[in-house]
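Got a structure for you, questions after.
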Amino acid sequence: MQKLSTAILGASGYVGGELARLLLGHPHFELKFATSENFAGKLISKVHPNLRGATNLKFCKISEVEKVDVIFSCLPHGSLAPRISEIEKLAPKIIDSSADFRFENPEDFEKWYGHSHPAPEKLEEWVYGLPELHREEIKKFSKIAVPGCTATAAILSTAPLVKAGVIDSSKIIFDLKVASSGSGNKPNAGSHHPERAGVLRSFKLAGHRHTGETVQELKLKNVPGYSITSTPVVRGIVCHAHAFLNSEISDKEVWKIYREFYSDAPFIRIVKEAGGIHQLPEPKILSGTNFCDVGWILDENSKSIIAVSAIDNLGKGAAGASIQCANLVCEFEEKAGLEFLGLHPV
Amino acid sequence: MQKLSTAILGASGYVGGELARLLLGHPHFELKFATSENFAGKLISKVHPNLRGATNLKFCKISEVEKVDVIFSCLPHGSLAPRISEIEKLAPKIIDSSADFRFENPEDFEKWYGHSHPAPEKLEEWVYGLPELHREEIKKFSKIAVPGCTATAAILSTAPLVKAGVIDSSKIIFDLKVASSGSGNKPNAGSHHPERAGVLRSFKLAGHRHTGETVQELKLKNVPGYSITSTPVVRGIVCHAHAFLNSEISDKEVWKIYREFYSDAPFIRIVKEAGGIHQLPEPKILSGTNFCDVGWILDENSKSIIAVSAIDNLGKGAAGASIQCANLVCEFEEKAGLEFLGLHPV
Amino acid sequence: MQKLSTAILGASGYVGGELARLLLGHPHFELKFATSENFAGKLISKVHPNLRGATNLKFCKISEVEKVDVIFSCLPHGSLAPRISEIEKLAPKIIDSSADFRFENPEDFEKWYGHSHPAPEKLEEWVYGLPELHREEIKKFSKIAVPGCTATAAILSTAPLVKAGVIDSSKIIFDLKVASSGSGNKPNAGSHHPERAGVLRSFKLAGHRHTGETVQELKLKNVPGYSITSTPVVRGIVCHAHAFLNSEISDKEVWKIYREFYSDAPFIRIVKEAGGIHQLPEPKILSGTNFCDVGWILDENSKSIIAVSAIDNLGKGAAGASIQCANLVCEFEEKAGLEFLGLHPV
Amino acid sequence: MQKLSTAILGASGYVGGELARLLLGHPHFELKFATSENFAGKLISKVHPNLRGATNLKFCKISEVEKVDVIFSCLPHGSLAPRISEIEKLAPKIIDSSADFRFENPEDFEKWYGHSHPAPEKLEEWVYGLPELHREEIKKFSKIAVPGCTATAAILSTAPLVKAGVIDSSKIIFDLKVASSGSGNKPNAGSHHPERAGVLRSFKLAGHRHTGETVQELKLKNVPGYSITSTPVVRGIVCHAHAFLNSEISDKEVWKIYREFYSDAPFIRIVKEAGGIHQLPEPKILSGTNFCDVGWILDENSKSIIAVSAIDNLGKGAAGASIQCANLVCEFEEKAGLEFLGLHPV
């Protein structure tokens, strides 16, 4: 079978680099164009040193991209929507990892991003790229808005509980711990190693923009707490979703709720062990993978449940999810090219 | 003025080492005995390499300790209470960093520690060693039970809000991020560097024993959520206390609540800046200090407040707090020997 | 083509876990047995959490292993040689990652390991498993002694220079910086996270046992300096080989020496860039790969060359090298199953 | 006794911040001015968050500095020399942590810094601020050029051996491992946390400018090897000096050489233990201190010695050394204000 041709727009960032790595190893996709206005003409392995020897592809400008089967856009938030009509001409299928097309209602976009949507009439052509919630829709669409990384963790941690109606959905607290690569590859005062190493920095305790998509996807009536702490790791998110139980529930019943909800989700693993040092989802072993591990602890004392999810922010949180959606859109095996199991220890 | 003589019981652990460092630099205390049944006869600097050249003191056995003015006990939980009558003969003042005498009611001890208290009749002789809540009592007592490290962070983050009655005290969620030194100096599978480095491990999401003292000190009617995540730092705790507001409140009013509550607390700093990379309490810069930095963010969307506190678990969370209490008990300046400002960057 | 059956002896350690990961993804090998006397009966994914969901294989005892095509032995040093006659019956091909059969002369083994070799008559059946030096021999042998991890880095950094005769081989200094996983998965005082995190520990500055194989493979007449520093990373080795030049040489000539020496080595990449932040080999981006990146800097002032190599100690330093050798022994493509490109950033 | 007044020029950087911390705790110095052209008018604790609550001092411009007793200059390399005549009017004593006045011969400055010295006639007024080599001269001078951080580690590791004539001084190799704070507080591509975390980066393997002062102070006839590796720690330098022995020597003799050489040096500790995990100098426990720990290992096999030194690059490597020199210049106790013992664990 001939491989489908692909292009990555905005390929010099971390998500773009991870996508390049995944596409170079993918059985059905071929990476033909990788754009960067700054690095046009340079080997992509100059920016992504792990690709040394694996490709001689050079960055090009967006204006040089020719028609391909699938476009992966990693352009910054707000860059794709204004030029979407132009980009649509380059490929019948577009997978976007920015926030531009994640909202169903332009009002919600405006609420969380602070300005009106530049192409509201296009929103209905897009579907939210979380296969665990929208697998069948994704297969039918050709334009996929890949979720924000922390939103993926937040939504997947609690979707089964919200749907089952066992928690008080009006008072959920998402307390997320995140990695430095999630803020991109631009150096700044806060990312300077002497400042960032060893830090437990309360980065965004309220008003994080991913709250909006979480509300949309979980169909919440109230805005949940949504706090982000920067930790001294490079990849990974762990989400603790604290929720009060509507009534007493057994651990076995919760098992059933999660198992059923994720019965056909190849990248969800329930991690809940009774002993050892790996009892609950932990992102360290997920680097480079597309897994989202989920688990929970019932707290009898506070009559609450703490749901836990862990992902690689560049994997299931961005590039991996993009490939997973592309696989569905192109009718490939959902796991194609995403078989890497992760390293231990690392 | 002649220095008061002191002994550290259980001086080979991390809290004992930190206490030794602080006592060696203290203007009014002299370290005369440091016990370790395992290392008796060896220089304490063999175990605490930062003390090289600063002292020739050797570990001795508890049985060799002679009468001193103040005893600092760093014996493991459950070790002091059964022999308290014997230890009381060695010094008129005892500062204990274990959990043995933290509870007012033996029933509470039993609930959280799983067995009945070995000396319940002694509990009334002890006071909970948190000067920010009990300064005047501490001055009057001679036996001080120093709080658990995460409890210190949890209590100090929210005590002003609870007292002011502005939050729903029945639904507080404490989400704490902790360091590896908090688990002591005994190697185990989970502390092995390849496993522990880079980890965001959901360590204890429910049932943590420090919950009990937090309930007692905040006089909570409901048990709060109390979750601990192990992070890849060596020292430090950051506590995020999520609480729902009883009614709308302005940031200015919250400022007033915290300022008044902590008006006479020399180690509490309100950290809440509008810009820069150090806007809220962060434990990295607190290593070696006795500070507890506190701050908060109001979240209009979820009608909640996220209170933040940060400490060094071995400082304000254990050894520093012990010295602070000893200063009060001995009528010294509260800050004596605790002037270290912390390092930046580190 | 039917897959060849394999067994891993001593599969609960880090090298065994990495081998299991590689074999589960290998196109031509099938993992049938994974032994652990301690964990027999338990899922291998209990010990190697990255393998969750990828296999239901359980550990078994060595006594339960049936005949297979290839055995990978990860038994501790000194464990295979005494029972080699027994193990030989289990498979026609054995790849061993211990030091038991690395030496040509039993005297050398005795010098560096402190006791006489238990099966000296067997040594001639084995070949040193460094394809970059012994590719054709490896193809002809069926028993391969995989090099020590630091030896791989040391030898590959300088082999071209030694062979070309451009450096003073009597005065080489290997200064190696290593990771914590290289010391295995047994916790100890030095691997305890609070002690090991952030450390630059002069671990073994003289007398390291890998010196012996380095001498053998580089055919050195003098024992070189060979110093190891423990650094706070989990995977990776970087080797700085300091050598004095016999006479002036140009950078271009050195390029030629390395290019020719490694012309047919698919896992060697020359990394020597003029700008950017990735100018020389750096192990961080090699985690999980089988690459050995090499480079150098000429120092006109001191008339010396500093050769640099970087590997993943569990990859090219152990498990990856084992697979590479097995591929050669079994006449598979040398890179089969070793295509992972590594992550960036990580 | 009234405190001497001081000013820090260039106080917004890491060395300036560390100096401010030390001066705020110093018994005989008072910090009156802290300059920063960028932050003039802002609290110094905005930039150095560890100073919160300890001072209300604000940054001022250099033009606002009034006459003081001692000036500490932390201006960037090349900034002080051109305006030295102007600065000299502000204080009779100047302690400079830049490279501007470290060389005795302007030719050496030119060789290593690539341009001619802007005030060569002033060089003879300055002394190299390494008390362990120049204590008596420093007391007599009023202008002190504090050594480069890696030079301090390199020189102090081997000065006793070079003076004793027991090593081949023509073939020394300094292999240094350094921390991220040594490169200052300006973010750049290489200091961006995702790139810098977990790195073992061969940063400067030849031609490092500190080589020049090392040659000068050790009075070497040949330029030594001098290689720098960036490691993922924030503070600390460990130096491995590899040197070939002129003739056989016993460990006891080496002990004697080091002990005698450093007999009157209050900040040098010989660290060379037979067991445990702290056998040789390790910088982790030195953060915030002014110690330089030194040790060595004799290697019989390669007939060499590996001398080891460890410092805090911001302590003994810069700010601590500045205070130590100022103490000598002002005839204070050499250790005044430098009593901090360092933390363990950290």
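Annotations
Each chain gets a letter, A, B, C and D, in the order it is written, and its residues are counted from 1.
Criterion: a residue touches a chain if its C-beta (ideal position, glycine included) is under 8 Å from a C-beta of that chain, and two chains touch if they have at least 3 such contacts.
What you see is a predicted model; the values in this text were computed from it and never measured.
Distance from chain D peaks, on a Cα-centroid basis, for A. C-beta contact counts were set side by side for A-B and A-C; A-B has more. The geometric centre of chain B is 46 Å away from that of chain C, both derived from CA atoms. Centre-to-centre separation between chain A and chain C, using Cα means, comes to 35 Å. Per-chain Cα centroids separate chain A from chain B by 38 Å.
Chain contacts: chain B has residues 14, 181, 185, 189, 194, 197-198, 232-234, 276, 282, 345-346 touching two or more partner chains.
Interface residues of chain C facing chain A in the complex, by the touch rule stated above, are 14, 17-18, 21, 24-25, 46, 48-54, 181, 185, 198, 234-235, 269, 271, 273, 276, 278, 282, 285, 287-288, 293, 339-346. The part of chain C that touches chain D in the complex is made up of residues 171, 173, 175, 177, 189-190, 194-195, 197-202, 205-207, 211, 222-227, 229, 231-234, 236, 238, 240, 242, 244, 276-277, 279-284, 295, 297-302, 304, 306, 308, 310, 345-346.
Residues of chain D touching chain A in their complex: 14, 179-181, 185-189, 191-198, 232-234.
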